[in-house]
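Contents: one structure, followed by commentary.
For clarity, chains are labelled A, B, C and D in written order, and residue numbers in each chain start from 1.
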Amino acid sequence: MVLPALACAAVLIATAALALAIQDVTRARHVVYGMSLVTSSALLVIALLALLGVSQTPSAVTLPLGIPWLGARFRLDALSAFFLAVVALGAAAASLFAVGYGRHEPSPRRVLPFYPAFLAGMSVVVLADDAFTFLVSWEFMSLSSWALVMAHHRVPDNVRAGYVYLIMASFGTLALLLMFGLLAGPDGGYAFADIRAGQLSAGAAAAVLVLALIGAGSKAGLVPLHVWLPLAHPAAPSHVSALMSGVMTKVAVYGFVRIVFDLLGTPVWWWSMVVLALGGITAVMGVLYALMQHDLKRLLAYHTVENIGIIFIGLGLALAFRAHGMALAAALALTAALLHVFNHSIFKSLLFFGAGAVLTSTGERDMERLGGLIHRMPQTAFVFLVGCAAISALPPLNGFVSEWLTFQAILLSPQIPSWGLRLLVPAVGALLALSAALAAACFVKAFGVTFLGRTRTHAAEQARETDRFSLAAMFLFAALCLVAGVLPGFFIDALAPVVQGLVGARMPAQSGVEWLSIVPIAESRSSYNGLLVFLFMLLSGALAAWAIHRLASDKLRRAPAWDCGYPDANPATQYTASSFAQPIRRVFGTVVFRAREQVDMPSPGVLQPARFSVDMRDLVWDALYAPVVGGVSFAAERLNHLQFLTIRQFLSMVFAALVLLLLVLAIWP
Amino acid sequence: MAVIFELVVQGLQMLLVLLMAPLLTGFVRKVKARLLLRQGPPLSQPYRDLARLMRKEVVLAENASWLFRVSPYLIFAATWVAASLVPTFGTRLLFSWSADFIVIIALLGSARFFLALAGLDVGTSFGGIGSSREMMIASLAEPAMIMIVFTVALVAGSTQLSTMAAFLVSSEVGLRVSLGLALFALIMVAIAENARIPVDNPATHLELTMVHEAMVLEYSGRHLALIELSASMKLLLYVSLIACLFVPWGLVPSGGAVALLAIGVLAYIAKLAAGGFLLALFETSIAKMRVFRVPEFLGAALMLGLLATLLLFVSRSL
Amino acid sequence: MRGGLSFDIAHLLAGSLVLVSFLELYQDRLYALLNMFALHALVLALSVAWQAHVQDAPHLYVTAAIALVFKAIVIPVALHRIIVRLGIHREIEKVVGVGPAMLLGMGLVALSMVVMLRVTADADPLAREDLAFALSVVLLGLLMMVTRRNAVSQVIGFMSLENGLVLAATGAKGMPLVVEISVAFSILIAFIVIGIFLFRIRERFDSVDMQALDRFRGERR
Amino acid sequence: MTGMFEPVIAVLGIPAVAAAVLAVLPGYRLTANLNVVATFLTFLAAVSLFFGRPQPSPYLLVDDLNNVFIVLTTFVGFTTSVFSASYIGHELAIGRLTPRVLRFYHAMYQVLMFAMNLALVTNNIGVMWVAIELATLTTVLMVGIYRTHEALEAAWKYFILGSVGIALALFGTILVYMAARPVIGEGLDAMVWTVLVTRADAFDPALLNVAFVFLLLGYGTKVGLAPLHAWLPDAHAEGPTPISAVLSGLLLNVALYALLRFKMLLALNPGALAPGPLMVTMGLISLVFAAFMLYRRRDIKRMFAYSSIEHMGIITFAFGMGGPLANFAGLLHMTMHSLTKSAIFFAVGHIAQVKGTQRIADMGGLTATNPVLGWGLVLGVVAIAGFPPLGIFMSEFLVITSTFARAPWLAIALTFGILVGVAALFLRLNTIAFGEPRGTSAEAKASYVPMFAHLALVFVAGIYLPPALVTWFQNVAKLLG
């Protein structure tokens, strides 16, 4: 099973090479995206076969690559299969989208070679079975995505984004390097099998956890390691943004799960506290950042941060339950987290596709300059709306299911003996609920300001519906959002082997439950039936429509907007993104962002416009990153003087070194 | 037999909420008027309003999109489904297992989501005011609701409303601090969610103070009718929610006889009347607060809910 | 190995080499410094010759000769010429005053003694003491390069450092010819290259003062 | 003996002869090609050393350890000569070099090759010292070859610091002899590796310690370890680029090789102080120092010179840590660094010719104006920054992981230094390779073959190391202990 997957990765690499070879850009585009589409679909099939297939025994292979005396080891177990499926699905859709989207790419030469390489990197990460292969593919993934972020390098912001991204990426990788050094021990047992066999002291295990949080967390976008994400994801071409936000962050989650749940053995209870706290903070901070944005793609990127937080809350709960031997509850929490991984990869990719479509048809990413697109791009608007509803966790779509499961998991936590967790978990639950509600607000803003209302600029006037490939990709994912929402049972059952392998238990089989509803623990406790809810809503809506149109009037007249008597023709009087967020900014922003509003209103009779300005600070950057930057440049400035000494002074440095060493010898015992 | 019974109960319930909702609204108005020593409209007024609106033609703003026209039906559907899954006079609803407390909250959330979008659709400033404030209120009200769910669910050991109600009917609950806090929080949320004084004023059209009315400003005819109907269903939902969780007595247990059914219905109507009266009393005895006091109000609700949950996490007996 | 006398003479010469190094360190006029260096080379030549006699290793006489001819005569003369031709002003700009320099020198000698006396005694004492002296000469030469601003005096410092090496090499009994040749050879090259450089530098600069060179440090600020 | 026909003789002989010939031959094309041919033959001879090694004689020795270095040196020497052919052509065209100087240049190039090979294959510490000496002096002359103020100043600095280093190294060598003499007896044997190694345990430890201090500082100056590094950046920046490539790629290694030999000697002596900690300390200092120095650089060649210091620091660190993994990593890192850094300098040379300057500020958007050159540089920097799938990542992986289990804090310091360095490199790379094009850009008529050949090797090595090479390196690692 693993060999064909590797073959697909090899094909992708070959495609990258091909992209360099083919001169004619158009053909290159068709070849690259076509090949990527086919290959990733093949990967998807392989992954699904491995996940649902008859044989649950993982298949492994060792190639004579990498560390010579170790070889490059690959293994496809349930966990890898699930994440491989996520990667492949996202990749397939992105490739399909890009077949149309790529036509608008200003600098295809900088995208085409790296795109398949990026896909290959991501799919090999989840297959790697030794530290070296894992890190190589991990960093290869970062590197190729970096190249894609730098695709539009003439925009200074993108260059900066790429820079921050690369530094954070290598920072994370170095953390993982240290971590594997700890796991592998001095004589280098780098194979995951050896690591599993090995035993770690409590301190070492804790260090591993922290390093894993830094390494995987920085890639996934955990606050406060998230700073690169909202810069880099929007900078890339949209189909790549979709992959980075929807898929690459999931690969990072895979890394964390693989290390902490699989390699590290049984957890200690306080680990989960760290993970939970980080997850909660990340969720709320992410969505608050998002609310303050008016760049559509950046808003989406910040929402990725939020969802990563939700996923880590699930993982933290799973750790907590596992630490106390509550296998069933752990299974529930882990399932919730993994299901959310899948769901988020779907609707986040969908939303980025939509943003890409808007970007290509208007050339705008700034919501303040858009509006009214629902009239010009109705289909895009529709699928984007589905995505918004899904990510806002509205039933009967898929985003709700995973959040519901997470809540159910939280409700199991009072049985946990340790007090710290008992106090932390409800607080995290509150944070989760808060972030969900804020997410809804944020996406009302995103959709409302971008697609509804009146067009604000000429660019928005010119918008046209996007091409059919992009639409196909988007509709595919929109449909998936609905299917995963109304029939979650199948997906939960599909996750059973993964969860079984990690925490030694699984949720009750959902396929047995009548009416296709899902039951976390027992029906008496709680159950949810997306299908029925969906049908009811459909039914009652249709009923109402039928009744009204049949029994009452169905007459309709178009007229100017009423607007309480004083309509204003100027679109500028509409609510903008920032004005929409103003109430929430007043509530949370003053604390979280030190948001300061000031208004200078000219006194009556003075003919000059009133000014309103908001000033917000990113406290995370100010507190953590600015000092580091300052420190480094200070040290660099100081040391730089050593470049400008006279030869004599250099000689005296040599002389000093000599005397010093001789002194050492003199006092050597 | 039981299934038939439950089916009947379910069907009855769906009709009941649909029909009772305007009545409750009318009742509250009437009581308020009386408390203000006014005559007040007859109880049937809301029905008349709805009927009139239904018959009128829809006047649609020029740049209103398809979303604007679909939203009322979505809102209505979501609210109706939610309302018909809350035990009103009988615990044993046929489909109660298909959606638990959290789902009901989420359904109301989706209704709000589309209402807010509709508010933005025409692109007027008032619509914007309405939806942005609505979402701000919701962003605090929803977590508060979730905290309340946690509290009750931890006591009852389930998030199924009917199971909760059944459990709370049973005697072994006793008086609990946490439940008290939850009740208080729930009432605050209910007031906010239904755009009642002091959070919002359903009767006003004083632009700068209104939230819900500002969102529906552009609606007319049947659309407006649907939205008004869903609004009053929402009010009914919250009242019956409070009723079934905190005054569950008289609820018909599963497999009850027809006689019990009658009792249940009567009890329910009594509860509604009491709830409506109290609401009216409260509204007449308090002034509307500024919009930016609302977060503090709801923040308090959230804190109460969190406190209740924490108490339960600390000790199951509180 | 022979009796005390030879030992003492070797000692005396090596010691006086250190002394002359101190004298070099003391000078503040270029010409005087040149003379001192000549003396330094002379003493070196003597001690090497004595070593040759003691170890009856004739090839060491060659080294002595090299030292005498090149270092004691040719180089001082050449440098004298250069100074005249380039009109380098005569006094030596010091970084550290004479007094402190002397103290530092003392410290260095002490250090080299300590380091060398840690060597176990079974290595023959002659070699040991010789090494101690050689090390001090080396260190003093280095000290001179570090504390003098003037290029000529730095070159001289460098060469007295090499003298220290030669002293050590000849002290090492029966060390193959390889080393002497390489030493001489290196000094030769060193001198030639220095010459070339001084020449080129005259083309480019007006003086060989390091400060002038430093104006053309790699990256200007 | 049949030594006359030994390949090792060829390794020394060919450059010597070539030097003599090139010193007299006029004409650019002829001499350049001759230069290439000679270095290629030398390389072949070096490769043939795999198959037939001479018995260790008092003067010549070929074992696994120096075989690595010889092959590497001759190979990079060869590719650099290919690069130099096209580079020098341009320099002649724009008149920075005259034909007379060119003769001198080619002769010196061969002399340098000869000196380095000699230093590597000799079995005698005295001869090794002489050879490194010779290499230094030749490079001094070549650094000064442009005769600009900066070039002369750089050469002068290099010369002064270099000769002090030489002197210290000689003193150390003498001390080693002194230490060996009582045990081995007077005469040649006391300077012969193969003999020294067998008896090292009996040497006087105190004497060995002093010796190692001097050798560390002496040869360390050549390796470019901070704080002895001062000559290195200027020498790289002001000399002709091929020489920068050879300096970074080879000469530093040769000096390091000498250091390693003496380290082995010390390691064999129980009483002597452990050389490891000293090397680790100096390595770390160099790494961190150079990493910070990278930030304020405005001259592209000087910047990469500092990155050479950084990597020499890492290599010294690895060898200082010792143990099979770290030593293996050190060797690998050294090889990869030589290839990568010379490739980078090839790219930089062409860039400087295209842009007509070495100031980073005057370059920009290179990937847009000269894609091949620009992406070549990007690839090189990515490689030197230690990103997979390129070779340096593997060595850094091995160094860090193997260190962290033994000495966590050292590993953390190491990673810190590396990170700081990476950040600096990419900060500059962004200005050079990306953004709006800046500065002039003439067309580059250069041979990209050497650059991409090196990068291809590095790439392959990052993914796949042939077993033969691995076992060979592992033997060497064992040898180093």
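The rule is simple: a contact is a pair of C-beta atoms (placed from the backbone, for glycine too) under 8 Å apart; a residue touches a chain by one contact, two chains touch by 3 or more.
Just so it is clear, the structure is predicted and the values come from calculations on it, not from any experiment.
Two chain pairs, A-D and C-D, are compared here, and A-D has more C-beta pairs in contact (counted per touch definition above). Among the chains, the centre nearest to the mean of all shown protein C-alpha atoms is found for A. The centroid of the Cα atoms in chain A and the matching centroid in chain D are 44 Å apart. Work out the mean CA point of chain B and of chain D, and you get 78 Å between them. Distance between chain centres (mean CA atoms), chain C to chain D: 31 Å.
Separating the CA-averaged centres of chain A and chain B is a span of 35 Å. Residue positions 156, 160, 164, 206, 210, 233 of chain D each touch two or more of the other chains. Across the assembly, chain A contributes 643, 647, 651, 654, 658, 662, 665, 668 as residues in contact with two or more other chains.
In chain C, the residues touching two or more other chains are 115, 118, 142, 145, 154, 213-214, 217-219. In terms of which chains touch, the assembly is arranged in some other way, matching none of the line, ring, star or all-to-all patterns. Contact between chains, per the stated criterion, is found for A-B, A-C, A-D, C-D.
Those residues of chain D whose C-beta lies close enough to touch chain C in the complex are 124, 126-127, 129-130, 133, 137, 140-141, 144, 147, 149-150, 152-156, 159-160, 163-164, 166-167, 170-171, 173-175, 177-179, 181-182, 186-188, 191, 204, 206-207, 210, 233-234, 237-238, 297-299, 302. Residues 156-157, 160-161, 164-165, 168, 206, 209-210, 213-214, 216-217, 221, 227-228, 230-231, 233, 273, 278, 289, 292-293, 295-296, 323, 325, 365, 367-368, 371, 382, 385, 387-389, 393-394, 396-398, 400-406, 408, 411-412, 415, 418-420, 422-424, 426-427, 430, 434-436, 462-465, 467, 470 of chain D are the ones touching chain A in the complex. Those residues of chain A whose C-beta lies close enough to touch chain C in the complex are 643-644, 646-648, 651-652, 654-655, 658-659, 662-663, 665-666, 668.
Chain A meets chain B in the complex at residues 371-372, 374-375, 378, 381, 385, 389, 392-395, 400, 404, 407-408, 410-411, 413-414, 422-423, 425-427, 429-430, 433-434, 436-438, 440-441, 443-445, 447-449, 452-454, 515, 517, 523-529, 532-533, 536-541, 544-545, 548, 551-564, 567-568, 571, 573-575, 579-584, 586-587. Against chain D, the residues of chain A that register as touching in their complex are 64-69, 109-110, 131-132, 135-137, 139-140, 143, 150, 153-154, 156, 159, 162-163, 166-167, 170-171, 174, 177-178, 180-182, 184-188, 190, 632-633, 635-637, 639-640, 642-643, 645, 647, 650-651, 653-654, 656-658, 661-662, 665, 668.
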